[in-house]
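In what comes next, chain A is part of two complexes: it sits with chain B in the first one and with chain C in the second one.
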Partner chain A sequence: MNCRSEALEVSVEGRQVDEAMLALLHTILLHRSTGKFHYKKEGTYSIGTVGTQDIDCDFIDFSFVRVSSDELDRAIRKAVGEFKDAMGNGMDGMGQISLEFYQKKKSRWPFSDECIPWEVWSIKVNVVNLANEQERQICREKVGEKLGEKVINIVEVINRHEYLPKMPTQSEVDNVFDTSLKDVQPYLYKITFQITDTLGTSVSTTMRRLIKDTLAL
Partner chain B sequence: MDSDLSPQDKKDLDKFIKFFALKTVQVIVQARLGEKVCTRSLSSPTGSDWFNLAIKDIPEVTHEAKKALSGQLPGIGRSMCVEISLKTSEGDSMELETWCLEMNEKCDKDIKVSYTVYNRLSLLLKSLLAITRVTPAYKLSRKQGHDYVILYRIYFGEVQLTGLGEGFQTVRVGVVGTPIGTITLSCAYRTNLAFMSTRQFERTAPIMGIIIDHFVERPFGNMGHMRPCNYRAPGEDEGAYNGVEDSQEVCTTSFSTSPPSQVRMSPLSNVDLCNMCNFRGGVHGEMGIPGKEGGIPQQVPVQPCHGAQAEHGRVSSSKHPTLSRSIEVKGVSPCDVLETTFTRKVGAFVNKPGTQVTTASLDLPFAAFAPRAYDLEENDPMVQPPESPATSSPLQGSLHSQGSGESGGPAQDDFVMVDFKPAFSKDDLLPMDLGTFYREFQNPPQLASLTIDVSSQSMAEDLDSLPEKLAVYEKNIDEFDAFVDTLQ
Partner chain C sequence: MAAHFDTEYQRLEASYSDSPPGEENLLVHVPDGNKSPWHHIENLDLFFQRVYNLHQKNGFTCMLLGEVFELVQLLFVVGFTVFLANCVDYDILFANKFVNHTDSSKVTLPDAFLPVDVCSASIRDNVTVMFVLMISGVFWLHRLIKFIYNVCCYWEIRSFYTNALKMSMAELPYFTWQEVQARIVEIQKEHQICIHKKELTELDIYHRILRFKNYMVAMVNKSLLPVRFRLPLLGECVFYTRGLKYNFELILFWGPGSLFESEWSLKPQYKRGGNRLELADKLASRILWIGIANLLLCPVVLVWQILYAFFSYTEVIKREPGSLGARCWSLYGRCYLRHFNELDHELMSRLSKGYKASSRYMNCFLSSLLTVVAKNVAFFAGSLLAVLIALTIYDEDVLAVEHVLSSITLLGVCITVCRSFIPDKHLVYCPEQLLRLILAHIHYMPDHWQGNAHRYETRDQFSQLFQYKAVFILEELTSPLVTPFILIFSLRRKSLEIIDFFRNFTVEVVGVGDTCSFAQMDIRQHGHPAWMSEGKTEASIYQQAEDGKTELSLMHFAITNPQWQPPTETTHFISQLKERVQRETTGDRHTLTSLSEPRSLIANFLAGPPSLASLHLGRDGSLTNHGPVGVSDGASALRSLSVSSMRGSCSSTHRSAGHASSASRAMAGSSTDARTASSGSSVWEGQLTSLVLSEYASTEMSIHALYIHELHKQQSGGELSRHTWHRQDSDDSSEGGSGGGNPNPRNLIPRSHTFPISTPGPIPSSNSGPNPDRGTTPGQEVRPLQSNSQRRYGGNTDSVGPGGRVVRSERVPMGGWAEEGHGGRHPDTVPEERSEDDMPPNIHKVT
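Now for the complex of A and B:
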């Protein structure tokens, strides 16, 4: 199975990073979360109800909808906070945050379970510094419009109805869904990020170059 | 087309499409209410939340949607449309967007109705939730209130987009293939928000630009009228709406992990969908009513006749709730305005007697405050402050008002001195009552240090005393230094 990969790119001001990332990640997770499964006898199951909540951004002229789950929101905010800290405060820079949905494949001992991604969303972020309040105001509106376009992109991809993991049996539900939350059940996901310095090189590419150079000697 | 579909699947599919259409309308209208929507996630299914999404039902909206559908379902050539438009406080309106639920002939015969179609419809509703916050009408709807309101209209049949003006954009929310056709949900939204009012006010700044064509006769006048995206409290509608034909409908929340041949439905107990309406009662998103404060004030602070027209223009762009009500009285003829008695209340500490005037005698804005021939400037309290309490008589001013039936010119001779009785004071218990306190402290004596008495001191004496003062300050220098340290 090939992993489906989608890339989004946004340019924001430093203080807009949090909200822009939350808006996009929550929009994706809204579509990739279901209600809690309740398995019954005879191989049937029922699904709980997913509530939604409108969120207004403070630094961007934009509102988005997220799943009504404080636990999920906390987890996403934590990841976004770490990403923002890694990006540095108020400095120009580039980074990329990735939301990866995966399935677990059980392996025999001593091998650990394999995580097989089936959908990866990569959001490239360019952080810009603005000189005055007028530019910031324009940025508020522009970023809001851009995020709207990104939401439309996300919806378009999701509604292609491409591969989704099969609905699991009760014994395998933890291989497909994150059942740790008490109110909703997103597909298993992980959030990773990568920071690029102002020279346009990432830490990983720098290391790769160093190793290559060393081996070439 | 339907030959491969089992009767049960056909029945389920019709039910899914019907409730999907109803939920679509709810999501769209609720997104235009002007307030943030928030629903709770429930870990256990209730049996009444269609598509596993907590979307509350506004009874009026459901009623309108069912009325538009008239027992039919969206199908090929029969689209369900929700039209969102804006109506200003002056009565001008403009279509903002049209949401279309359509079906085309492309069928997916292999798709599982009870599972895949249902889940994809759920996904499509989530997409609709996301997209409704992204189109330009969302921001407009969040700012609605005194200047304009948002209206919705549901119609069934052919999609008409001519009211959206030139250059409208279309966004596709999503598609779901079914054995009888492919359901598509899309939105066409206006990009040109310019309009012009044919009722031009000279001093009015246009709210949004110049109208071009919004007074065109509506092509669907017989297909329903615009409704405000307005929610009434549950108590008002519970008895009115009768959903008898749906009272026995249940929503599918049970699935099977077995292979397709063994798929079974486990129907839940019958649930009355009308009971789903437990919308929070605190929603005051009454979009159709300009001005959120209730009631027209009994005494409108009337502006003079010739200024009224200008005032309308200003009011329409103002957000002051009280002033916005003057829109309601714009139908009043000038002569009615002339007959209104304008009662001027005299401030508590004003020495001048109150003056009762009618609007007939006012031909300038705030004319009541203009200087008059009989008012001598030296008697005007605004020019000559009253003397200090020790030498002056108690305040002669009082709160003075008369009934609205009286009218006439200057009424100084009719002025009646009334003891000042401040609100909430008991004047019989304290030695110094509140009124006396007010009078005494209204005109405090001047500070002695600010009094300049030329005869008692001269510049030379000031200079002579300076060295002594400096010596004292030097003596206490440590104290001053310690004080400065505490400030740091």
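Now for the complex of A and C:
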């Protein structure tokens, strides 16, 4: 709807899933994070610095750059871990993990705050089973190359001058940025995933829509 | 964590906690803040719809009041009915029982009321009444909640108008929608309501407001919806009521489990051709369930409809009995006549302008037998009435005699009804002219009407679009009974076609979402070779819009939204057409002389009597000067010329038809209906230009519509037999799709009734014109003429392809008329990493 959606697709082996996901999610978040804002009295602010660090993958010939914030890393690892558990280990399968950047909008009393997404990255994962070690070696390199391409893709998308939420004033900073981390400040984001069998809208969104529809009759 | 120390990219320790003194001023940012809450709106569809509704309802207060009164009305209808049924002692009212008053002999109304306790007891004892009360209570509560919800939403829209668009609610009625739209387009640059694009276009806004309506129009255009039935006694008839429409929309668009997952996107499985049969089964069973639910709810809805009709129409019938004889545009007519991307108010003003001519046209067909009968009945009824009235005048006690008052009323109604069957002595009718005048406003008409305006078949078909109000009410009343059966027996069989339709005709437009591809108004994809887009269209028959809908819609949209920048081919088409029409208007007399009737008719039409034209021009001179602001010179010249001459010519046709009312008055009337009646204020002055512009636009559109129709008639000559009017439910098309084992897609195109087989039917040749006797001339006479005209146009415009052949084989879409395996070879879009049978929708990147 009123949000950009970008789709990526990768085919990996079972044990590479979490590293591949981490690589992509971290790459996106690297470009969607800023330093902490320090507001001054006159309504101006200065931005703190953000460190980055290189991460080498164990199962893929690939290294990526991420924001050096352990808290952020922990949060993402947790989400990816859940995703991997849901996929089931070592099985063929498809899944989709999506990283959604949103904005909160305060609304009047009877309604709760709305979360309005403005950019959604969905990463489709195909898990393949490989027969022998040689294939694994090839896959290791192949996936590394593919991930490199994806990273370039991401950077290209991000380099386009497209809509980003405007820089907020102090009172509104929580509506745009996730200020809970103490060393970095990404845009508000949400990570969700779907496994192929359950592709389809979740129950809660269906219910919400049903109520809204009946009201809008 | 070893990696942390290996790399040279390290975070500066403690940089986040506090910066060293002196560095504070090095890099200071100023937040731009979200001063306006209007950037990045979540549901733009709803948002634009609400903006439009608020504009149409003339501001917040009017809307609020209207809704409050609706709620009160609802309470009143239910309460009053229950009261009448349970709390009135009718014996007293009919004086069958006497009240024993000591002081006076007068019976008062309160005497007839039962005491409160008796009344409430009788209500409580009556199970059905309690049931009805409960249901209506729930219904009312639902409406109340919805009302409160709406108030909150529209309050937001109100502040959008005042803060972002800078229009106060008080002056909102003086702005036209085009102006509101222009401002929305303008503030998009500043606020970014829609985040996909830097700039919104008019078409985007229309697409969002009319997303589902466009689908409905397209489905009616392609005869997909079962609204036409062949009944044993009545012949062919159209049944399309609000209840039915509601159910269609419920099934397709927003109900639980509908094809759309949100307002703006079709569910992904419906975009793929892979499991269309399964999806069709699913849809069929859903339709079945909704049909059964309708059947179960039918008593409730029926009672409601009857009550509502009773309370809303009895008063009107009593006040002016003739109103039931009056006609209105049927719901089907509104769907059939609607352009793609035409907003409600545009459609309504167009149809209202055509109303007078249409009702005159329908009045042409008074049966002389009925007239004789009616005259005599009126005579007898009139004499009885006269005697009764005379007696009453002499002594009003006559009224007290039983049934005298009621017979006076009945006789009055009877005479009024009879009078409507007696034609006015001083009127002369020319149906052909009238039909042309109607066409100028309604823009669509089946081919075979032209030249057959005097026939009863034409009249009957026109009456499907333009029905009696009484019939309308009757249909609404029977709708709860009929709707479930239509759903269960008729719509269910169409489920596969519906699935195919939504897959084939949905495109994803960036920044808008999934829309009906017809609404893109792309001549290349949906043009019809018989309607000016010969050589430009690549559409297969399945993809062509009927009745020149694509072409006319395109013209209409381009004319109503002059700021709109269409894609290049489309621009080419529009400018070419405009140029042609303009050439006609500037009057190259020497080229026109040799032409056949229709073109010269337009020439006549546009030239008009010079005296009249100049007179009108003189009177409207000031307006014409205001008019062409911001429009290119050529267009403005055309516009002013065509308007003035149109006025003159319209009145001339009227005069020739012997009617008193003049077209210029109709035009002036329409500007009052554009709610500018309150003149004299300064606001009025400011709005003048845009109003005049929109007036010009509608006239220009009329001319273009007439021109396109004439050209179509010329081009298709005697061979046009592909009228949608007689199209049947083409069941064979779906069979061809599902069971077809024939690898050649060309053979799979069914020879259904829709196929243009050359049957020289009762369609007139192009030069028969208003002369009805030549209506049955066979095609021979036409052919040389047709080739002549083709050569002529070919000489003028180089883009008309030789012979105008249309390449079909490649672009035949899957489903419907092509077989399944064909989809893999679809040339357009098969992105990587997709299986062969996953046929994606046509994804258009429209930027």
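Methods note: the second predicted complex is superposed on the first by the 194 of 217 C-alpha atoms of A that agree within 3 Å, B and C clash if a C-alpha of one lies under 4 Å from a C-alpha of the other, contacts with A are read in each partner's own complex, and residues count from 1 in each chain.
One rule holds for everything that comes next: a residue touches a chain if its C-beta (ideal position, glycine included) is under 8 Å from a C-beta of that chain, and two chains touch if they have at least 3 such contacts.
Note that this is a predicted model, so its numbers are computed, not measured.
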item	value
Partner chain in contact with A:Asn2 - chain B first, chain C second, else both or neither	second
Which of chain B and chain C A:Gly43 touches, first, second, both or neither	both
Which superposed partner A:Lys105 touches (first chain B, second chain C, both, neither)	second
Touching partner for A:Asn159 - first (chain B), second (chain C), both, neither	first
Touched partner set for A:Asp56, first chain B, second chain C, both or neither	both
Partner chain(s) touched by A:Val65 [first = chain B, second = chain C, both, neither]	both
Chain B versus chain C as contact partner of A:His31, first or second or both or neither	first
Touched partner set for A:Asn129, first chain B, second chain C, both or neither	neither
Chain B versus chain C as contact partner of A:Thr192, first or second or both or neither	neither
Overlap of chain C and chain B interfaces on chain A (superposed complexes)	35-36, 38, 40, 43-56, 65, 68-69, 167-170, 182-183
Residues of chain A touching chain C in the complex	1-4, 9, 35-36, 38, 40, 43-56, 65, 68-69, 103, 105, 108, 110-111, 114, 116, 118, 162-163, 165-170, 172, 175, 182-183, 201, 206, 209-210, 213-217
For the chain B and chain A complex, residues of the former touching the latter	36-46, 49, 52-54, 115, 120, 123-124, 126-127, 129-131, 133-134, 138-139, 142, 171-176, 253-258, 262, 264, 266
Contact set on chain A toward chain B in their complex	27, 30-31, 34-36, 38-40, 42-56, 61, 63-65, 67-69, 148, 151-152, 154-156, 158-159, 161, 167-170, 182-184
Footprint of chain A on chain C - complex, ascending	3-4, 6-7, 9-12, 15-16, 19, 24, 26-34, 37, 39-44, 46, 142, 145-146, 148-149, 152, 192, 194-196, 254-256, 261-265, 513, 833
